[in-house]
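Presented below are the structures under discussion, each in the form of structure tokens.
Common to both upcoming complexes is chain A, partnered first by chain B, then by chain C.
Up next is the complex of A and B:
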């Protein structure tokens, strides 16, 4: 499991153990990965987050067009695995969860324990840290070297 | 602002390519995808129509390397350019850390560029983002076309670059200007992390 901040790990671990989900991904509503379990490549998890955030964003817009309340979750049920996507509010803003589950569990269990996860995360979120400078002021040389290496020029 | 993970020392930035339909946004990403080593990029995700027009977005994750001790990743997105896809453009633009506005240099596309640029400003404003505060790079694409069909970069600067942001001539199909555009925007986005902290 990889988590953006340590306080996310315990609630997510508990969710995974209780729900028996195979993959789980927590992200911001803009598709930035906050925590994940089960994905092996950082770049693949970013693609999954982008697609998940896109689905939820379009679901919210669809609800607006239809004049209904926003739908908080979406389920895609395949023959072998299902995907549960849901949004929830945290003190750090609206987050989204993408959960992939198999026949060893059920949508009902995933939904049940996801609700617990959402409330656990809302409780566990610490007070926001004061902002701080991230990069050294002379980062440009490293950036240029990295881009040269990336593009081979 | 970019997502910063102080525990694992990672930075993730969302960069969006914006512009009118058929200006070359997807072509920019395809060129980058084709040039970057496989272990430094993910698969390019394209949500497109059957005729390969972008329906929702294209997405390409890149791993830049380590900058100031932080593993730095870029998420490159394109928006659908056609006027009637504004709802999806707004969604993709959400949370953008920087924008490349790709203008089609053909003189006959001038009004389309203008409309798209105004639409960018409107959509940002709707999200509470002042375009003057967001890292922005202009790319004048298709500069390889015959001179009588296109507007020269100084003319395009006069029309669109009233803020004096960086601009690049490009031929995205063959790669000219693609790298330079991405490099400039990367620098602008990361410079904000060096001069001001990320929003909590």
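Up next is the complex of A and C:
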């Protein structure tokens, strides 16, 4: 498990142990990855984050069209694996979680422990840092630092 | 018979605090009749997980699937009976509940839910 923010590690580790999820990805609603577990390639993480954020953005818009409250989670249940995608509020803004789970666990368990993860993260989050200006010349270095933190390379 | 009627038969037993029908594969609530302080989603997920593990244990021992699970704790009792169609009927009760009566009703409810 790798995390950009150290305070995310303990709640995420507990979630992984309790839920027996195979893959997990925490990201901001814009798709910026905060932590990951189980992914081995940076490309997979970035693709999953972008697609997950896109799916949640679509469901938010769909809810607007239908005149209902935003949907908190989306589940894709396959025969071998399921994907649970959910949004939750933290002091750092709205985050998304993408969890891939197999038949060794269940959607009910993933949902149950994800709710615990969301409240643990909301409690553990430090006060918001003032936004930093990302300059074009720093972008490459910032990106590489993030990838190193997420993949240990 | 509706699932709600099946559950009502269980919750009429003195000491029963709630009853649920749970999808065994998903661990999700299909129907429930619960007191307010009981987290039905948590009971469903954990009971289904436990039932799945018990199924694994008995299969490893070369035995058929259990027809009943009975957990007795200091603060309460949980009984669960799998039905033939992938459902699990669960009852949450106080420790002093008449377990014999509840067990018979739960087996009956599991047969009706199938």
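Simple rule for what comes next: the second predicted complex is superposed on the first by the 127 of 153 C-alpha atoms of A that agree within 3 Å, B and C clash if a C-alpha of one lies under 4 Å from a C-alpha of the other, contacts with A are read in each partner's own complex, and residues count from 1 in each chain.
The rule we apply is simple: a contact is a pair of C-beta atoms (placed from the backbone, for glycine too) under 8 Å apart; a residue touches a chain by one contact, two chains touch by 3 or more.
Just so it is clear, the model here is predicted, and its values are computed rather than measured.
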May I ask you to name which of chain B and chain C touches more residues of chain A?
-> B
Could you tell me if A:67 is touching chain B, chain C, both of them or neither one (first, second, both, neither)?
-> neither
Partner chain in contact with A:5 - chain B first, chain C second, else both or neither = first
A:78 contacts which: chain B (first), chain C (second), both, neither?
-> neither
Pick one for A:107: touches chain B only (first), chain C only (second), both, or neither.
-> second
List of chain B residues in touch with chain A within their complex = 3-5, 7-8, 11-12, 14, 35-37, 40-43, 45, 47, 56-57, 59, 61-68, 70, 72-73, 75, 77, 87-88, 91-92, 94-96, 179, 182-183, 186-187, 190-191, 193-200
The chain C residues in contact with chain A across the complex are 22-23, 25-28, 41-42, 44-46, 48-49, 52
Note: in the complex, chain A contacts chain B through residues 2-6, 28-34, 41-44, 46-47, 50-51, 54, 57-58, 61, 92, 128-137, 139-140, 142-147, 149-153
Across the complex, what residues on chain A touch chain C?
-> 77, 105-109, 111-112
